[in-house]
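In the two complexes that follow, subunit A is the common piece, with subunit B as its partner first and subunit C second.
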Partner chain A sequence: MPILYGANPTWADVTPVPQEDGGPHPLAAIAYAEEYSEAMGYLRAVMAANEYSQRVLGLTEHIISLNPAHYTVWLYRAKVLDQIGANLADEISWLNPTALQHLKNYQIWHHRQTIIDKLGSPEGEGPFISTMLEQDSKNYHVWSYRQWLVKRFDLFDEAELAWTESMIEADARNNSAWNHRWFLVVGRKGGQALEESIVDREIQYAKAAIRKAPQNQSPWNYLGGVVRRAQLPASSLKDFVLEFADLDEPDKVFSSHALDLLADIYTQDEDKKDEARKALDLLAVKYDPIRAHYWNYRKGLLDSSPAAQQIA
Partner chain B sequence: MQESSNRPLHGANESGLQYAKHIKYWRRNLKTYLPHHYTSNDSNRLTLGFFILSALDILGDLQPALSAEERQGYIKWVYSCQIPTGGFRGSPGTDFGSLRNDGNAVWDPPTVPATYFALGTLALLGDDLQGVKRREILIWLTRMQRPDGSFGETLGLGDRIEGGNDTRFGYLSTGIRWMLRGTVEGPVDGVPDVDVDQFVKCIRDSETYDGGISEDSLHEAHAGFTCCAVSALSLVDRLPLPANFAPKADDRIRGVSNLPLMLHWLTARQTMTLDEEDALDTYADETDSTATCHDGHAFLPHNYTSEAGRKSIESQPTSHFEMSWVGMNGRANKIADTCYAWWSCAPLKLLGHLELVNKKPIRRWLLDKTQHIVGGFGKLPGYPPDIYHSYLGLITLSMFGETGLQDVDPALCISTRAKEHLESLPWRKAVVGEPEPSKAETVPDLSYMTITGG
Partner chain C sequence: MSLVSGPGRAGMADTPVELQLFVDKHVRYIQSLDTRKDELEYWLTEHLRLNGLYWGITALHLLGQPDALPRQGIIDFLLSCLHGNGGFGAAPGHDAHMLYTVSAVQILATLDAFDEFEERIKGGRKRIGQYIADLQDRETGTFAGDEWGERDTRFLYGALNALSLMGLLHLVDVEKAVEHVHSCANFDGGYGTRPGSESHAGQVFTCVGALTIAGRLDLVDQAKLGAWLSERQLKNGGLNGRPEKKEDVCYSWWVMSSLAMLNKLHWIDGEKLTAFILQCQDPEGGGLADRPGDMVDVFHTVFGIAGLSLLKYPGLQEVDPVYCMPRAVTKRCLGK
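Let's turn to the complex of A and B:
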């Protein structure tokens, strides 16, 4: 790599600060590329002098391209942007491809939040997020960022819900999309209880998704969550569960999650302990043997106190 | 998937840990430069250093691997990362040397992760932590906590608490607190405590509808955040009490409000979806079959499925799935990944329920599928080993009781030996309040409780 700073007249007034690595036995020493070592030497020099300038902005960009997880360089960059009165929209334009190159980086999203917060508008963020999700539709950082955006700009609206539905339609097993739905439905209410109509709507939505793919754990978890949140008894789901798992037809079970919920419903009924045991046996032996230890544990709890066993 | 990843590394059918290869892998990490692609981890060298030394410790190789001179050299290096005002920087990369002053100190800050891993590394190396500015760290820790109870990563301009408010930093902060003052609550010799109640409330606020812990209130359940939360609760002694456990019962708020649901979620992390190819089928396919759902079920075609789905099932064998290998994922409907063996199983261990997963096929998955031929573990089958996955794969096997590995403490993610070393330090015993066993003449050293002025 060319030497970018040492021979550059723009940087002639800066004396780079070499890295002091604490004696002859450094831990986790890295074979730095010369390019990185040189840039870091100049970064230490300008940071030590608290220089905020256009050339420093370029330097931070260079370091970030080589080490995007350098947390102080991001904080320093934010300060530089502030001090030189940089155009924040330009900053976002630069961040977009940078985020696409580093899909699993925390700092980029923190920085983006800082900038978008200052810009005071979510405009353009939707399409950018969609581009990110095309790379990885379950990227945790992207979903978390979208949730921050919804909260910051109060976007708990029908459009957001419709977009979430389109994500679930594209992949019903995208648990991040299911969780985003929960975030919208529960989050818009703050800590308050959900209206009955909303509870009904959510239950119907989850049921429809389950009927399409009964072995998909995401809508089952969602359904259980809604029912608990609304403080409905698990038994209110019994008829629905029986569509997929009925102990009278033990060879025709279409969903281990249905069987799981059925076991839970029976567990809560003092007179149905034997049925609960049978459902848990089917799970352990036939329909979900990789969790056999867990199902057997649930079976063992059948004779203990109710508090120890109740999930729903 | 690469062919080689299916081949057991040890014998014909028996899975085995390749001790010699792992030792070689970790010694190489210790004694030679890490390849330049670790540059993206340059700010976390204390973390990498901790993993390297701790892995050798778990393998029982720390003593043989280090000369006395090297041991002192590494201790010296860790101390070189200590900030004059307390705490540790993540790497020497931000050290301005003699140019450091009050005006630029904010760009060379101590961080919570670096401080945790520095203390852990010193413990591993047998240091007594007398050179650590312990009092300053504990005061700094109280400034790292936000009003909502969460902890940040570092202090920025204007003492702004930077970094996410997720449980990673809460875990490492409570780990630092445990190392320096145990589980004692309230001020100790004039040094205030963090707000443990508020921290527990913050964790409870991150509990999800399906039983895990997320990055933030109402976000998606994730095994990494769940493990950090449960470990932190353990380190502040606020895990739920077992039923009928009266002797310890008190009014203190405790974490994990729905333990049965969390056990349900944690055990659901076991999966047969072991690599990227397994997961591809789930896109735009609404059918459930052993091909699309690798979670170990044998389902008959269902009349709810589409015509296309029905056809896709017809071509699939109806026989049972292969139970030899079971992986662990970090979220619902994700593929298995070596690191989630730790993030999902460690909380089970801390909650007293590791027996709820089937350790045998999980062990086989680690040994046959992600253990690498050169030592270490990769993230997925066929992936090259890296320090992070190699450490978490190894320590998981140790927690499972693998023969020949040292016992580990699941909350601290370190060997029991290193933990006991910390517990044996006289200054710590004086703070934690444990009586000195048969050494009545030992005077408790409280020097760190005074401002050293450095």
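Let's turn to the complex of A and C:
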């Protein structure tokens, strides 16, 4: 039965511990594939003996290559690194290809975070993240890790903003990249007011992206967010919105998001209730019928008290 | 909620085949999961075993087949995953973690087995509660998943979920937890894993769920979040988890349950979503996949069925949108 460890003299002192199946019930019995089963047997043995050594590092590496989602292995590996004072730069060199092989795994990111935190330098992380994002540009774990990196090493700078812009340029529909921009520009401010020049810059930036792809949700959300954050009235966007949705030309609506915002602007204007109703009808019937119930709900608000009309 | 129209109510015999839920096939599929130990896949997913058990049991209860898995075997298995510190691992020999501990509590609640558990492990319930409570960072209100300290709103939600089911919410600082959730609210109305993280429907579910348990939905910008959630519906009826992403059956649950907690479930098209979920079934082998044509798994099976329950699909038990458990069970545990 043993294949790799049983015949290996460096492991001769260890007796593998078989899977404990918790008693005579059918819900957990022994049937690992041989390789995995053997490696796990040795892991249980070294864990029971609290062994921290180079060979255990190799063993965890082997198990992770077979099953990276096994969180107990990651935890034990982290303990081993700590106990034997391993070279952490080597750990990162090993993690890079491992992360690329297992794109959906998230344990690996927490592990990486603790290592980089101890190393105390973000060097090399930027290029590695870019390589990861080439595989999946919206990988949630990778973007979360990037935020941590920016906070940990105070990287709220022009270079980070330029990199984020390049990500948006590559794909304006990448909502993760838009969120990162918000995090860099607005989020870091906490409750503080934004400078007027920044508000202007952000509004222009979002508008330019919308003009390129008017039906893209992300820049519309961003634009609305900046306007609200700066406490500007929604009506300040009216001229812009009319570029994409004008009630005088109901057949030429280029963006349901524009029509949504237009309805909102009209709703807040006591004299424009009919226009608001018309915009919401267009959404319910023609431009976004799958959400007809929602648009009709908004229409219902038009007849209720002004306080209930603040939608956006 | 009443505005959501299910598919035809004429009874299964008159339901067109594309709108049928293959109840018996799904029951058999879930029963079969544990007999597949000769497959490597079974062992490579060992780190999800306890979650998988919760998903399977919940699906069976919602399908009205609560006895389709052996109760005693389940309880024995749970006990074999319990650590001395009151936490549960995914399987015997795995470290304790918040996510498995929550699943274990949910299973005990669903099987109405707290008393039996207490008989076998004296003071066991309290010990579980203490394990969870010790994972709270009292400064920030957040929760870690285990001793290694990764923070995520999923863990915070899980903690409030399990503690409330056991009547032990007083062991943690709920107010601080609420403050933390509130700090994860984003400019688009949604919530992420940590302050600043991108809005994600799964994370919205955990945050709105936590706030519902804490009785603090007043902190949510409900119109804005409701609009964001309803925007998740795509033309094919399915729901995605973030803007510009693909539809996926599990998001039926994260999005719909959040809308249900906000009383806005009628903002999406229930008929089209029902049809989408039903298309994700394997009509022969049973089980549901993330989208039509893909491989089925127990995760998408339970969330598809729970979604159909929220949509009032005929013949299913009512699901509690906050806990993803049968409503009858949460009523019994919470007394409301």
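Operating definition for what follows: the second predicted complex is superposed on the first by the 294 of 312 C-alpha atoms of A that agree within 3 Å, B and C clash if a C-alpha of one lies under 4 Å from a C-alpha of the other, contacts with A are read in each partner's own complex, and residues count from 1 in each chain.
Quick note on the criterion: a contact is a pair of C-beta atoms (placed from the backbone, for glycine too) under 8 Å apart; a residue touches a chain by one contact, two chains touch by 3 or more.
Keep in mind it's a predicted model, so treat the numbers as computed, not measured.
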Clash or fit (per the criteria above) of subunit B with subunit C on subunit A: clash
First, second, both or neither for A:Arg228, with subunit B first and subunit C second: both
First (subunit B), second (subunit C), both or neither touched by A:Ser144: both
Partner contacting more residues of subunit A (subunit B vs subunit C): B
First (subunit B), second (subunit C), both or neither touched by A:Lys252: first
Which superposed partner A:Ile290 touches (first subunit B, second subunit C, both, neither): both
Which superposed partner A:Trp94 touches (first subunit B, second subunit C, both, neither): neither
Subunit B versus subunit C as contact partner of A:Ser218, first or second or both or neither: both
When the two complexes are fitted on chain A, the stretch of subunit B hitting subunit C, from 98-106, 242-250 or 260-268: 260-268
Residues of subunit A that lie at the interface with subunit B and also at the interface with subunit C: 19-23, 25-29, 31-33, 36, 44, 66-67, 69-72, 75, 110, 138, 140, 143-144, 147, 173-176, 179, 182-183, 186-187, 216-218, 221-222, 224-226, 228-229, 290-294, 297, 310-311
Interfacial residue positions of subunit C with respect to subunit A in the complex: 3, 34-35, 37-38, 40, 42-49, 53, 70, 72-74, 76-77, 79-81, 89-95, 97, 146, 148, 150, 186-188, 192-200, 223-224, 226-227, 230-231, 233-235, 237, 242-245, 266-269, 272
Subunit C partner contacts - residues on subunit A that touch it in the complex: 19-23, 25-29, 31-33, 36-37, 44, 66-67, 69-72, 75, 78, 110, 114, 138, 140, 143-144, 147, 173-176, 179, 182-183, 186-187, 216-218, 221-222, 224-226, 228-229, 290-294, 297, 310-312
Touching residues on subunit A, where the partner in the complex is subunit B: 17, 19-33, 36, 40, 44, 47-50, 66-72, 75-76, 79, 106, 110, 138, 140, 143-144, 147, 170-176, 179-180, 182-183, 186-187, 211-218, 221-222, 224-226, 228-229, 251-256, 286-294, 297, 305, 307-311
Touching residues on subunit B, where the partner in the complex is subunit A: 29-30, 33-36, 38-46, 48-49, 52-53, 70, 73-74, 76-81, 90, 92-97, 99-100, 103-104, 107-109, 111, 121, 153-154, 156-157, 162-164, 208-210, 214-216, 218-222, 243, 258, 260-261, 263-264, 267-268, 270-272, 282-284, 286-288, 292-293, 295-300, 302, 304-305, 323, 326, 331-334, 353, 355-358, 361
